[in-house]
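Two complexes, one shared chain (subunit A), two partners (subunit B, subunit C).
The block that comes next holds the complex of A and B.
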């Protein structure tokens, strides 16, 4: 094998606890070639981030390298990454840009710090370099906004600043650890395009750590799939997609292609629109105390058994809207009626005793955070049944909760666990079980899969699809991901700055978007067509490089 | 075989084996509580009986902690004082905890005008030098054990409001609180059975640190002649009396009540730190 600029050879990393130890990496070998992009793909806990941290010499204290070597050019950096290399030759872009920037310093000062740490330049020259760097990452209005603090910037702009810091000293290797997780789809595309362009222009090598195989396939020259601390498969994106060898890779690809546009919508679209709507929202308006108009004159209906997708970027008002409909917030203006009866006039604090309470339930975005840390899974699921359901003796309650758990595929043994003892996917299942335990007619799903990795995400989506068929519930599915909405929903509503910009049947919107904003959203989805791998690799590169 | 021993140990025992300091503090606190409760039966002498011929004796086989200027046994008096001081501290902290947490939880959850009003009252209360406020309260209400308890409770009250209010306000918009709404829980029920158990660790830490402080407060007031007065054994009063004899070398009159007082406060503080780790569900396995 050709020697790359960065070689990781049979690396073992062990985390040592008080009485136990855990091997996070077991014989990981990777090679990053000059000017190429290597995607390291795997679910959470697969060891992909640990690999990146080992290269940077940023492993936490309880972790140690127990075998193998890391070579940068011809230098062995296994034991210690020299200070002059870190930042200057190997730089890192972190996952959460808001947390990685110092909140008390202006961004131009933070950039100057990086330059000063590695080069001695006078103040004027440093300022010039800072401006140049911010311009090269397409930071808008540099001369005026370079003095702002991180909290004044959106997630996408913060990530641009992080990238500017990473490239400040013209490194030859960039390690990008989930650089777009938590960003919405338009920002994700902008950030990835930027990283791709910089890597090509400056002949920088990049290690892109991600859980999104589709994203890696679009931007990387080669891909390594990791599972449980080992590399199970590696090769070019086209090869991996057309001929996956390992079962885990096959599952990942399957999870990724079920969201493919070609997939026909599984649920029948025979729902008659003529029946009385289950939910009718008209001219809804909500302004927050700070004057921000979050929801502006929004109207839509949901028929019984229908699934409506609500799409928008962060800040578009979709979460506020879902809470207004879920009767957790009071609207300023407009009407909400459920089965023909007005519910918008019942105050959110009094809605708990309304007869419609069991019929409208919500599944939250952050599944773990939506479970009371002091309740076991059983208590969480049983709580709505105790409050809203018919009186049940303890045996019947136990039986009902176990049935709900079985409905969502949660093992009965997990019912006695606390949220912190459950995985993200299991927490999501508990959240769904809780919502369906009182047989709601309308289930509001607020980005239920946003915090999950690809495999868990596809499982939860399949589960939601099955539940809808079995129980005949209506869904209001809130998401920023058009693919997921297309898979689950019959119709979609697209929201921008609190206003509806487009409404329509999912397929029609996909085929023929009317609003320019919709077209923009559609273009930002990572495209990968496993059917024509060659073309995909070519268009992917072209598309990203343009 | 640590895993084998860990299996039969209770969660508390397992915790203490990880944090021996807390174990020692808990043991010492339990012992202090035991001594305070059984003081009337285990004291070698009557704490109030004077025995002038044997006044001001140094610690020895008959009087382990020596005797004071009236020949009263210092050990018996330290034990009896512990009973009184712990009772004052526990009831004062209990009072301010119950009242403060209730008010704080509802303010933090409901917000709005009530919250702002209570917030200003708390600001005003804490703007006073608290010890001087306690002195003024006892002086105005009169010297008695009950008034000492009320004064201690009142000056601690604002801190519980603040802690409970801040902890609840931070959780008010979390998913599981919204989920509790969806499940059909009323506001009082959300506050009492959802939020309260979740803020208990913080409140418990505050309370156990506060216990030490309340004892110090009671002893301090008595030292100044407020609250508890001379014949009654109390650590602050004993230190105040003993101070007169320090210059003539009768160190035991100050040392024993003083160090027991210090030890008690230390135990409560260590216990407070340990409690935080024990009560946090994330450390449970």
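The block that comes next holds the complex of A and C.
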């Protein structure tokens, strides 16, 4: 076997609970070669993050390495990763950059902390280095903004700071653990391009941990697919995609929305007939108290049974718009009418009494966080029925809730569980069941799959598509992912800075984008093109603002 | 300096917002004192055999025969001009008594709080860093013991051991030996005044007198501060940015102080505010045991004597101190955490 710069050999990691244990890694072997990028792909719980943490010596207390070895260059770091290696030779970039930075420390100080931990330089030299690092990650307006706190920055900029910290002492290996999860598509591309460029320029090796096979395929030299703590398949991206050996890899490839052009979905043709729109929004405007104009003169309609996609990056006003339509926020100006009757004038605080409340329901982004932690799944689903639906005796209510659960593919046994006992995908199902339990006509879905890994995401999308056909609901589907919208929606509206920049049939927009911003969005989607992969990534333009 | 302006506006707004609460405190204590059984005129009559005429005369002199709303109006008008009434027991204006005694209480409380923080922060850090280890167990047991023993018991125990058996500390009565010449009264804090007048011998003497009562109070509040430090640090140490700091290879000491403790400070500050206010009130036991001439023992004596004015003055003082401490904690919170908005 070829010796790489970082070798993991038959690694076993065990989590020990009070009276149980669980093997998170079972004989994982990986080898990272000098200057290469290795993608470690798998769904949540497959052990890919545990692998990264074992290398850094950052396993949680209840976990221990029970077998195998990790070798960095010629040093055995299985038992302990010395402090002088951490950060200086092997660095790590984490997901959720906002939480990964110290909230009470200026970003320039956090960067100097890292440099000071490994090198003794005088103040001026450190400051020079910090400025240089921030410039090399394309941090805008360095001299003025290096003194800000993390909460004053967007997620994309925080991730740039995180990357600057990781490369501060020129490590030879970077472990990037889901570096772009939670970032929108333009920022995701910018961050990945940055990591790619830095690793090529500085001949750093990188281990990219992700659940997105498409992303891994675009940026990595080789890929290892993990499932349940073992590596089930590894090879070059081209090999894995053209000839997947393992059944699990095949499922991942099928679930990958970005890998192949989605077929126009069958329901897409049903709504072309002219009918009275279910929802009509005209000239909607919303300005927040801090003066930020979140929604600026937006108009659109949704026909009965139609699915409209609302696309935009973070801060584009799409969530505000969905809250305005869902009547959780009051617009400053403009009209919202539902089935021909104005609902924009009913105050958001009174709307729960309006007869339209059961007909407009919402599914939220953070599936687990939007469930009451003290409610069982049954209570969560039954709650809107008790408040909005016709009066039912306990037996009928139980029957109704079980039927809703069956509609969303939630096993009856799970109904008595609390949110923390459910997986992300199961929580998402509870959220959807809760929304459809009062038979709404319009379902507002605010990034319902953003927090899910690819397999769970594809299941939820299929479920939503089926529910819409069966129940004839209309969707307002909010997302930053063009591919998902293309799979689920007939038409799409693209928002930028609170304004509509493009509206149209999904296929038309994909084939022939009219607005330059739409073209930019389309170009930022990870496309896997085996032959031209490297060239595409190298010339990919970066968008500094995020 | 827009920051200073914001501070100033905020302090002003706070002061205004606290006025109704202060008025409530004044009215409540005023009415309560008059509803309680006991008649100051009877207490202060010349002797147990004083006739009704003498008592009525006293009542008239003290204004107690007028309707309660008028008495209240007089009292509030007096407060406006800084007059809290006269104490019947000491014969002095209450304002004067409080001015003379408050520094003694504050000196004791602040020293005790300082000692307690010096002990509880390191203990909390050790306890959190080595959570569930033997060290952690020992510290938690110590906290429980300190919390369970009432201050007057620990005071007597400390006096027994350090004064009676070992003789390490001076006679535990009062702030200073009566034969020691007092420093010129500058701040009222003896330790500060001795320092300012350059009298190290006097300073050592005052410090010796202060030590036992301060330790007693410190032990009393050791437990809440240590427990809060431990809990707050444990939460912070599980957060992502601590993992980042470790992944970047920062020295452990720097992670504990700059990354963990700094972010754990917010709940600790709140607890310090609460503990400080509690200590001012709870001082009374310690002040009694050590004959410490503070405001709490003054108020207790007055209460026993049905002497209205000092009790009312004391409660008003406590309310004002409480509001000021809360304001200070809020301002510190803003400095500690940049995310706390100044509005």
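Definition applied: the second predicted complex is superposed on the first by the 519 of 546 C-alpha atoms of A that agree within 3 Å, B and C clash if a C-alpha of one lies under 4 Å from a C-alpha of the other, contacts with A are read in each partner's own complex, and residues count from 1 in each chain.
FYI, a residue touches a chain if its C-beta (ideal position, glycine included) is under 8 Å from a C-beta of that chain, and two chains touch if they have at least 3 such contacts.
Note that the coordinates shown come from a computational prediction; the quantities given were computed from them, not determined experimentally.
Student: In the superposed model built on subunit A, check whether subunit B and subunit C fit or clash.
Tutor: clash
Student: Considering only the touch criterion stated at the top, classify A:364 as touching first (subunit B), second (subunit C), both, or neither.
Tutor: The first partner, subunit B, only.
Student: Could you look at A:144 and tell me whether it touches subunit B, subunit C, both or neither (first, second, both, neither)?
Tutor: Neither partner.
Student: With the two structures laid over each other on chain A, which partner does A:434 touch: subunit B (first), subunit C (second), both, or neither?
Tutor: A:434 contacts subunit B only, not subunit C.
Student: Go through the superposed model and pick first if A:372 touches only subunit B, second if only subunit C, both, or neither.
Tutor: The first partner, subunit B, only.
Student: Tell me the contact category for A:88 with respect to subunit B and subunit C: first, second, both or neither.
Tutor: second
Student: Taking the superposition as given, does A:123 touch the first partner, subunit B, the second, subunit C, both, or neither?
Tutor: The answer is neither, since A:123 touches no partner chain.
Student: What stretch of subunit B clashes with subunit C when the complexes are fitted on chain A: 63-71, 135-143 or 153-161?
Tutor: 135-143
Student: Indicate the residue numbers of subunit A shared between its subunit B interface and its subunit C interface, in ascending order.
Tutor: On subunit A, the subunit B and subunit C contacts do not overlap at all.
Student: Show me the residue ranges of subunit A that touch subunit B in the complex, using the header's touch definition.
Tutor: Residues 18-19, 323, 326, 328, 348-349, 351-353, 357-358, 360-362, 364-366, 369-375, 380, 383-384, 387-388, 418, 420, 431, 434-435 of subunit A touch subunit B in their complex.
Student: Touching residues of subunit A toward subunit C in the complex: what are they?
Tutor: Per the touch definition, subunit A meets subunit C at residues 56, 58, 83-88, 91-92, 94, 96, 99-105, 113-114, 117-118, 149, 151, 162, 165-166, 168.
Student: Residue numbers of subunit C touching subunit A in their complex, please.
Tutor: 239-241, 243-251, 254, 258-259, 262-263, 336-339
Student: Show which residues of subunit B lie in contact with subunit A when the two form their complex.
Tutor: Per the stated touch rule, the residues are 2-3, 6, 18, 174-176, 178-187, 194, 197-198, 281-282, 284.
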